[in-house]
């Protein structure tokens, strides 16, 4: 039996799919070779360019984001190619392992999982690579395991400073549609994205946005590939079609989601995420707990990972919250397992949903006997509506 | 453009329709004279008996609750019949006006709209009616305009004490499926209900649960009637059919809603509403505002009406909340217009939805410049999880 | 277990609800007193005027069509008023019984259930009524029990010829949105309609379109009424609201259905129904069976009732069709019970759905051992695509 | 604007998705790492074993069927491995090209695209391969481009007769859930399937059913792989989870579809497809046209490809049908382009839907001026209900 009321799906993706998107998907599948489909295909292909902010092609896969990671690499690289990757957290590590499995030679700049990628480190490494053996730099824009956002414009500047010709590949899986992202302006060569986060869809679609430079690289790349091959996509995509059966109903949802993002306005979408993430951190600070991300310059607008005090199991806490409050929180991944929990505040989300979320966290602390200072939700409200901190005023009133 | 995220529909009905119910309705209409429909018809007719807690017949109308008010009267009464009604608030008044329009002679025991019906007053009036001119006593179980719940068992006892043969008719529109109700045990003759509150459906269905005594009265009642006539329903209902085209897709939803109520267990449903309403009142008290219902014995578990301080317009406040927080609150009705707002906490609702709701109210006070004491949501959390009052502990900490 | 594939719901209403309409209804209910609802309310109220082709008000009830019958009478008439009704079939008879139950005095011009209302008979009767005791003439535009369509423009002319001031009330339940209908042009005073036929919605909404003359009559009509009262509707409707809780989700569907009818174009909608009904009759003729409607001037475009040969039970036939072919056909009603079956070909319906339908009928004859001539579906195809009759050419080929 | 009525999606997949499946998908996405998801995951993983009729593991990909082709090869083979493939038609050719692109060495037994794979040819070739250089035999069970079904049990017998250790890989994309298939009994090593045909889902999921022998081969296969890797699936699948984000909402639909197949009973499902395909061929024969499949032993139960007379363009014909009858038919692929059209009669499909389909084809011939003999739909009805051929009897009557 599902508990009463609406489930709070506050993992950092998949996110709450809006009814409009679900209903758009809830229609009969159409002929993927017919004229009606062709119009749909062009609509989503054109639309995704506006979301990635690119004039170049976007390729859409019937696949999870993991597939789009693979696509980015196998289309542009040849077996044994060296790639420079940055250890921002668990997903950066998974991408690195994937590159290894596929026969590339990733070099991993290590990180402490508490901040984004450091441009200087990338610049320094590239400068050493005078022979240009490094073919690509791979960075996760918003590391979903840690809640740290790397500054891609700074990474680009670092690469330019090193005058290195490597491709820049960026995972935007948990940032696209939530945090400002500019494929063309930032000189990204391959952007990787998935449907189930800021795009507000169920999982099942993933994306590559691709620069001219990446297309050129693809011409000489010798990695074996078929499903992921860009070259087979280009022709059919021109008329809105795909080389193999696309995930039609998810594309219906994508068309709707793109419309919704533009109806709200991308800048408003980003501002909304920024406001909600600030309120979340205000609550965490008041609780006396630590935001995992240690560098304010890298705070994520789409999720916040929270460290629990030593001796307290984050997974037990999450289970208490799920059972008592019908809310799913994100778990700590890999070396963070049991140490942190993650609050997703991205996608089709608003102020009162956040307040419900934070209330569930605060009550969960109580029930799970996690030491904390009450009042986090008051601080969140202060942050959200620019109020003189209520907790402070309460204390003051008590002293008067 | 609809704002991002989920709308908080916190009026006291229509309530948040659960996805399961919406999806059950989202199916092709079937032949209302065929065998598949007959099974559906019997399922909902039988099921509604378990919700009203009656062995007697339940009649289902394709109509709003207002129609079921009309049905209760025209089936049992004759033109000019006297009915004793109790002014618990706006909906009791509307029912009284409806009785007047239909040619009955309602006598209205006046009330202050801040408590439920007073059994003693009813008993006293009935005792005076030695000729038994009063044919029916009509009471609203849960007055949606005020958030006061009359105690039907006590009313029944008062009528018994007066040894008066009048029929007892009860409006359960905003209580059925949210607050304990026992048609048979409490000796109710006609219970009136609608689909859009505790039954978690969209509006469009309404109900009469009917005792043997009411059926007997119907035999001699001479009011003109056709659409509402019970006698035309009985035969077709026996085999799960209806005398005219029923609202098939709403019945799909009703079947699902009945299943959901029983999956949770009616007692659990009632306890959930009780818990959420207590938390709401805790918040109101902390804010320094007044719950409209002045008698704790009559506090409603399904909604809370809150009085604003003199000089503050509740409708302006509601508009601020709608614009800033995408939440609909109930307005003050008739003489309460602009003076109160109402928080619906009934139907498919849970703890975190309530916390989002109360947070929106508290932030709305701030934005609308309503004088209030911050911390209502802390008090709600204290109430919800049995915590030592956090606000108190904060004050105490400040004093230490 | 439901059989595989799509059910063919070929009763003459409720009809196949299009996915677009079902999906429009499958959204959360909103505050029926808020600004978003007001826009919806005005949209459907304005939209229904375009469907009825009237400049006057349309009232929308959360009720079946039967309720709108009642509304038409109780708003305009006083107890004991005489109404002239025409026995076109079962539904005309039900409306007459309803009028009787409500305390009016219907006079019934008898008919043979095989044609529409005869204007001359109405004219003659009205001429006799020199004292104008008859307050209203009630006609069913398209008699759903027989498949005969009365010509309302001719009825109007007949009333004018008699210079009689009676109101003209027309039941358009199974014609509106399927067969051309012109409330204003034809001088109708009250048009009655329901949601579940040409409007392509589930049942649960019904309508009164009302002339100035009817509104004037309503001012002095003394019938008891409340739920159905027009006067209580007018004020709230002005701003898109309703005097009691409306059936919000059905209104969502109505807004979508109105859009769909105008996207196709009402004239195209009517032409489509005309083409499909002609093909149906071509099939019936070829089968050697009789269309119940004996007057080609009155053939219905929305349904066809078919007489079975003596000694063959239409209900057994329908059961065979339901079991073998997953298709619901309409039954014979009242005195036609077992003698005819009815094929609904209205609403969201097209050529291939009709061919599936007629094929199921033809195969049903075979399985139920009804004597018939094969080839009805060939004749339907000939009719549909203007082909030289295929059966004839087959016979000719055989002779060559 | 979409035309009125339901679209007939009679391409051989994607197929008509039943409402139950669409509605099951139309629910909020859940946490893919939580307990509710784990139950769903195990349900579909277990369920798919019953559909493939295997005790071995089934792997589910968020991908099109093309991805599952790739998965079958890269998990079991090493670069340069030889695979014996059989040219049954366009999809066999595409699989062969995919194998080439991925670095394997396919050897293609040529075929005329008018029948299934010939077991003797496979046996003969394998016997020549005394060194067992051939690592896998790849056959398409039901060739979607031609409507020819290879007999997998005979292929298995041929391999056994050759005593050859190659793996047997079978594409069941357009047969699974429509035509009897027995992974274990027939000794298949890897079965490939997709969601959008007999499984009645939208596209976006694909499958590998895998034998012990294939799992063993996977241990030493050195092809680069990550997204498709079976070994990464096994652990998480054990508890119902996946190594990367699964396509949750499609899995909801899959669970429902599996239930539906078992409610009907797989044998009933297969018999239904058999009956509908026989009726389709009866129509084609009567029209005087040729079924592309020239070998009755290989007739497909899920689709029928029809050859048009020389000089007539099948794509023009399909366009006429789409415009006039709102029906999508399958096009001729590759060398069959313009020469054939394909009728899909698989998935959630029934007798009357077929009759509508065939009627649209017959009327399309008329409108597109394709020479044909009328009466195909009569022959289909004869076939469907075991009637004495009506056309013959008509001719006979004409002669009498």
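Labels for the chains are A, B, C and D, by order of writing; each one numbers its residues from 1.
Methods note: a residue touches a chain if its C-beta (ideal position, glycine included) is under 8 Å from a C-beta of that chain, and two chains touch if they have at least 3 such contacts.
As the structure is a prediction and not an experimental result, all values here were calculated from the model.
Participant: Out of A-B, A-D or A-C, which pair touches the same way B-C does, with over half the contact pairs the same?
Facilitator: A-D
Participant: Which chain maximises the distance between its CA centroid and that of chain C?
Facilitator: Centre of mass proxy via C-alpha means gives A as farthest from chain C.
Participant: Any idea how many Å lie between the Cα centroids of chain B and chain D?
Facilitator: Their C-alpha centroids are separated by 54 Å.
Participant: Could you please state the distance in Å, as a whole number, between where the Cα atoms of chain C are centred and where those of chain D are centred?
Facilitator: About 44 Å, centre to centre.
Participant: Suppose each chain is reduced to the average of its Cα coordinates; what separation in Å results between chain A and chain D?
Facilitator: Chain A and chain D have C-alpha centres separated by 36 Å.
Participant: Send over the residues of chain A in touch with two or more other chains.
Facilitator: Residues 16, 23, 26-28 of chain A each touch two or more of the other chains.
Participant: Which positions of chain C touch chain B when the two form their complex?
Facilitator: That would be residues 2, 7, 9, 11, 13-17, 22-23, 25-34, 36, 61-67, 70, 79, 98, 101-103, 194, 196, 202-204, 223-227, 229, 244-250, 322, 328, 331 of chain C.
Participant: In their complex, what parts of chain D are in touch with chain C?
Facilitator: Residues of chain D touching chain C: 1, 3-6, 8, 16, 18, 26, 263-264, 269, 272, 324-327, 348-357, 359-360, 362-363, 366-367, 374-375, 377-378, 381, 384-385, 387, 390-391, 393-399.
Participant: Per the contact definition, I'd like the list of chain C residues that touch chain A in the complex.
Facilitator: 19, 23, 26-28
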